[in-house]
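Presented below are the structures under discussion, each in the form of C-alpha cells.
After this come two complexes, each holding chain A, first together with chain B and then together with chain C.
== the complex of A and B ==
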C-alpha cells in the first residue's frame, strides 16, 4: 500500500492540469481549427492570438488596468492592516473582540448583494471607472483578510521583543518600522499574496465599477466575446495570459503558502 | 492571549481599517435596507412599503427554488471537497522539493480569475470542441451540459471541485505539518494501525484548520456567481440558477430594486446564520 501513495496526488494534479492544457492548446490554434477539427494538439501552430493581444490596446490595457488596481489594493490593504493587526495582537481596548468579528462578517457578504449599491456609491463620489474605486471596493474583503493574517503572525512574536526595545530607548515608531516589521516580513508577504489573489480573481465588483478607462482584462474578455462573434482562439490566449501573474506570485511565496492559509483565516 | 495591555488609544491604530471597511460595508448596506422597504416607479420617487418585499420574497416559489438549488450545490461540494482534500493532503509528500512542486501546482487554480475558470471549463466540456465533452461522449454516454440539467450540474460540481479542493488540501497540509514527529513515533511503538493514527492523532490535530476549511468553502460556495454564470448562464432553463445569479437577474436584469434588496438582506442573513451555526457546532466539539 505505502508504495502507491504518490498515485493519488499525481492523479489529482493531472486532473488540475487537463483544463489548463486544453486552454493553452486552444490558444495556439486558429478559431477555424478549433471549430472544425477536434485535435489533441495544434496542427497549424499559430501565435496570431497572442500577437493580437500584445498589439491591440483594448486588450493589453485590460492587463494594465487589472494589475494597477490589484497592486493599489494590495498596498492599501497591507498598509492600513499593519497597525490594526498590531493593536489586535498586543492591546485590549473597547470593543476589540466585537470589531474583530464585525470585520469577519464582511467576508461573508455576497458580492452580488453589494454590486448595485457600490455602483451608486462610487458614482456619487465621482470615482466610477477609476482604478482607485476597484481597489477600495476590493478592500471590503481584503482589508479584514490582511488584518487576520497579520494578527496571526504578530501573535507569534513574543511580547518580550517589544519590551526589550522600549528598555533600550527605542521610540514606538522606530521600533515598529526598524525591528518589528522585518521580524514579520514573511507574514507581510503572505498577506500581500492573499490580497493580490482575491483582488485578481474577483470580477463582479470590478466589472460593475468600471466601463472603459479602468476595465479589467476579465471584463474585456467577456465583452469582446459577444461583439466580435466567438473568437475562441483569442479568448483562450487571453485566458492563458491571466494565469501568468498568479503563477509568478505563487512561486515567490511557495514556502509560506501553506502556513499562510492555516494562520490567515482563524 | 491573556497578557495583552489595556490601552484605549489603540483605537487610533484601528481607525484607518474601520473607516475604509465601514465606507464599503455600512453605506451600501444602508442603501440596500433603504430599497428593501420602498417601491419606486422611476424618476427617483419612492414610496414606503414596509415589509411587503420581504413577504413577497419569502413566499415566492422562485426564491425557494434558488435557495434549494443553492443548498444542494453547497452540500454536494462540501461532501466531495473536504474528504478529497484531506485524502490528498495525507498522501502528498511531507517535505522536500516534491512537496513544493505539489503545492505550487495545486495552488494554480486558486489564482485564475473566476470568469476565466468558467470560460475554461466551458471550452473544456463542450461536446463538440471540448476534451471532456469528447471523452464522455466517446464512452457512449450522451452528454451535453448546455441542454441537459443533470449534465450541467455534473459539470458545475466538477468545476468547483477542480477550482477549490486545493484550498482544503493546503489547509489540511498545514494542519498535518504542525504535528510533532514524536506523536508518530509513540504511535509506532504502540503498534497503532494506519487508521488509528489518522483517527486519534491526525484528525484531532487537523480539526481547527478543517473548521476554517468548512467555513470558507461554505461561505464561498454559497456566494458563487461568476463561474456558473460564465459556464452555464444559470441554465439550461433555471437548472443551475443559484442565489447570486438569481439576485443579479432581479436587480440588474429586471431592475426590481425593492424585491432584490429584500432578497439581498435575507440572503446575507442566511449566510451569517448558517456560518454561525457551523462555527459554534464545530467549536463545541473542540471543547469536549
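== the complex of A and C ==
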C-alpha cells in the first residue's frame, strides 16, 4: 500500500492541470489543427497567435485596459478601506456592528444586478467607457471585502500599541503611517490581492460600462470569435496570457495569504 | 512632581468606570495601585496619561491643570502588561522613538539609547527586531523606551504579570533602583499584594472603580481602614467572621470565646466583624493569646514550605496558612489556632475599630 501514496496527489494534480495544459496546447496550434485533428501536443508548433496579440492594438489594448482599471480599483479599494477598517476595529459607535454586517451584504447580490443602474448613472455623468468607471463599479464588492479583511488584521494588533505611540509623542497620522501600516503590511497585501483578483475576473460590469476605449481583454475575447470565422488558436493564446497576472500576483503574496487564512478572515 | 485627582469621575455610556476620586499621589518612591482585574487600575492610568478624558473633575500635575492636555504634550511614559513594541522597528529604533519624535539631535539620541540599553542589558540586541527577543527582553525594551526620555510621570501597568517567575523576581528587584533619583512620579499597577509589599512606597487599594484607601504601603497593610481594603490587600483572602462582644468577652459562633485585651475591652457591646489573615490562623501556634477553632478540612494546597488548608466551620470557609508540610485527610476534623492579637475588628459599617 505504502508504495502508492504518491498516486492520489499525482492524479489530483493531473486532473487540475489538464484544462490549463489543454489551453496552452491549443495556443501553440493553428486553428486548422485544433478543428481537424485530436493531438496531445502541437504538430505544427506556431507562435503566430502570440505574435498577433502583441502586435495588434485591438488585442494588447485589452490587456492594458484591464490592468489599468484593476490597478486603479485595487488602489482605491485599499486606500478607502484602511481608515474604515481602523474605525471598525478601534472605536465603538452607534450601529457599528450593523454597519459592518451591512458592508458585507454588498457582496451577497450578484454584481450583474447593478449593471443597468450603473450603465445609466455613468452615462449620465459622462463616465461611460472610461477606466475609472469600471474601477469605481468594482469598488461595490471590493471595498467591503477589503474592509472585512483589514479589520481582521487590525483587530489582531493590540490597542496598547496605539496608546504606547501616543504616549511616546506620535500624532495620530504619524503613528498610522509609520507604525501601524507597516505592522499590518501582510493584511494590506492580502486585501490588495483579493481586490486585484476579483476585479480581474469580473466580466459583466466591465463589459457593460465600456465600448471601445476601455474595453477589457475578456470582452475582446468574446467578440473575436465571430469576425473571421473561428480563431480558436488566437483565443487560446489570449486565455493563456489572461492567467499570467493572477499567477504572478499569487506568487508574491502566497505567504501572506497563508497568514490571512490563519487569522480566519479570508 | 505631584499628581492630583480632584473629583474625577469617568463614565463610559451608562457604566461608571471610575467613581468620584480625590487623591494626591506621592512624588517619591512607588505609588502602587492594588486591586483585582477590572478594579479600574487601567482606567485610572489612562486618565493619568491623558489617553482618556475624565467625564467630570480635574487632574492636576505640578500645580497645573492638565485635564484637557493631550497625551502627546504630557511627557509621560507607559509600560503595559503585554509586551508592546513597534514590530517593524529594531530594538534601537524602538528605544529611540520618543527622542526622535521630540527631534533630539542624532548624537544625543545615540548616547542616551546606548546608556539605557546598557542599564537594561540590551546592548547586544540593538539591531534585532522585537519579535526575535525573549519575553523578558521584550519587556526590557519597553521599559527602556519608557526610561529613555525624562518623563515627569511613569505609568507601569502590571509590567511583570506576563513574565515567568524567575524573570519577574529579577526585574522586580531592579525596578526600584531604575526609578531612584529620577525626580518623577511612578505609578505601578498590580494585582498581587505581595508585590505591593515588596516594592514599598505608597499604595492605593482599588475596588470596583473606587480607591478604597491611599497611604504608605506598610501602614495600609497593617491598618486597613475598612473591610474592603483588607480584602484587596490579602492573599490568600482574609478570613472574616461575625463576632459579638458582651462585657469583657468576644463570642464567635456561640461556642468559642475569648477575653478582650487592651483597647478592645473599651469597645461598646454589640456585633463586629473579625478579620484575620490566613497566616495568623495556623496549626502550630499555641499560646495564651490564641483561640482554638475546630473545622472540617475541605481542600489542602501543599507547596514546598507551607500548607494552605481550606476548612469549614458551620458552612463558612476559612483558610489557614502554616509553615511546614502537614498532610490532611479531606473531610476530617482538624484544630487550628487563631492568633487573636493579630486580628482586626470592623464595625457594622465595615470600618476598622481595632487593629
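Definition applied: the second predicted complex is superposed on the first by the 248 of 266 C-alpha atoms of A that agree within 3 Å, B and C clash if a C-alpha of one lies under 4 Å from a C-alpha of the other, contacts with A are read in each partner's own complex, and residues count from 1 in each chain.
Rule of thumb we're sticking to: a contact is a pair of C-beta atoms (placed from the backbone, for glycine too) under 8 Å apart; a residue touches a chain by one contact, two chains touch by 3 or more.
Since this is a predicted model, take the numbers as computed values, not measurements.
A.B. asks: After lining both complexes up on chain A, report clash or fit for chain B versus chain C.
C.D. replies: Taken together on chain A, chain C would fit alongside chain B, as the superposition shows.
A.B. asks: Touching A:116 in the superposition: chain B (first), chain C (second), both, neither?
C.D. replies: first
A.B. asks: Examine A:24 and indicate which partner it touches, taking first as chain B and second as chain C; both and neither are also allowed.
C.D. replies: neither
A.B. asks: Quick one: is A:71 in contact with chain B, with chain C, with both, or with neither? Answer first, second, both or neither.
C.D. replies: Neither: A:71 stays clear of chain B and chain C.
A.B. asks: Using the superposed model, determine the angle chain B, chain A, chain C defined by their C-alpha centres, to the nearest 10 degrees.
C.D. replies: 90
A.B. asks: Touching A:186, do we find chain B (first), chain C (second), both, or neither?
C.D. replies: So A:186 meets neither chain B nor chain C here.
A.B. asks: Looking only at chain A, is it chain B or chain C that touches more of its residues?
C.D. replies: Here the partner covering more residues of chain A is B.
A.B. asks: Give one of first, second, both or neither to describe whether A:147 is in contact with chain B, with chain C, with both, or with none.
C.D. replies: In the superposed model, A:147 contacts chain B only, not chain C.
A.B. asks: For A:83 in the superposed arrangement: first (chain B), second (chain C), both or neither?
C.D. replies: Touch partner of A:83: chain B, not chain C.
A.B. asks: Shortest C-alpha to C-alpha distance from chain B to chain C once the two structures are superposed, in angstrom?
C.D. replies: Minimum over all C-alpha pairs of chain B and chain C: 8 Å.
A.B. asks: Using the superposition on A, tell me which residues of chain A are in contact with chain B and, in the other complex, with chain C.
C.D. replies: none
A.B. asks: In the complex of these two chains, what residues of chain A are touching chain B?
C.D. replies: That would be residues 5-9, 12-13, 15-20, 22-23, 26, 34-35, 38, 40, 76, 80-81, 83-84, 86-94, 96, 99, 103, 105-118, 120-121, 136-137, 139-140, 143-144, 147, 155, 159, 197, 200-204, 217-218, 221-222, 232, 235-236, 239, 242-243, 245-247, 249-251, 254-255, 257-259, 261-262, 265-266 of chain A.
A.B. asks: Which positions of chain A touch chain C when the two form their complex?
C.D. replies: 158, 160-161, 163-171, 174, 179, 182-183, 185
A.B. asks: Could you please specify the touching residues of chain C with respect to chain A in the complex?
C.D. replies: Spelled out, the residues of chain C in touch with chain A are 46, 49, 51, 71-72, 76-78, 80, 82, 84, 86-89, 97-98, 101-102, 142, 145, 149.
A.B. asks: Hey, which residues of chain B end up touching chain A in the complex?
C.D. replies: Checking each residue of chain B against chain A gives 1, 3-11, 13-14, 16-18, 20-21, 23-25, 27-29, 31-32, 84, 87-88, 91-93, 100, 102-116, 119-121, 123-124, 128-132, 134, 162, 165-167, 170-171, 173-175, 177-178, 208-209, 212, 215-216, 219, 222-223, 225-226, 230, 243-245, 247-248, 251-252, 257, 260, 264-265, 267-268, 271-272, 275.
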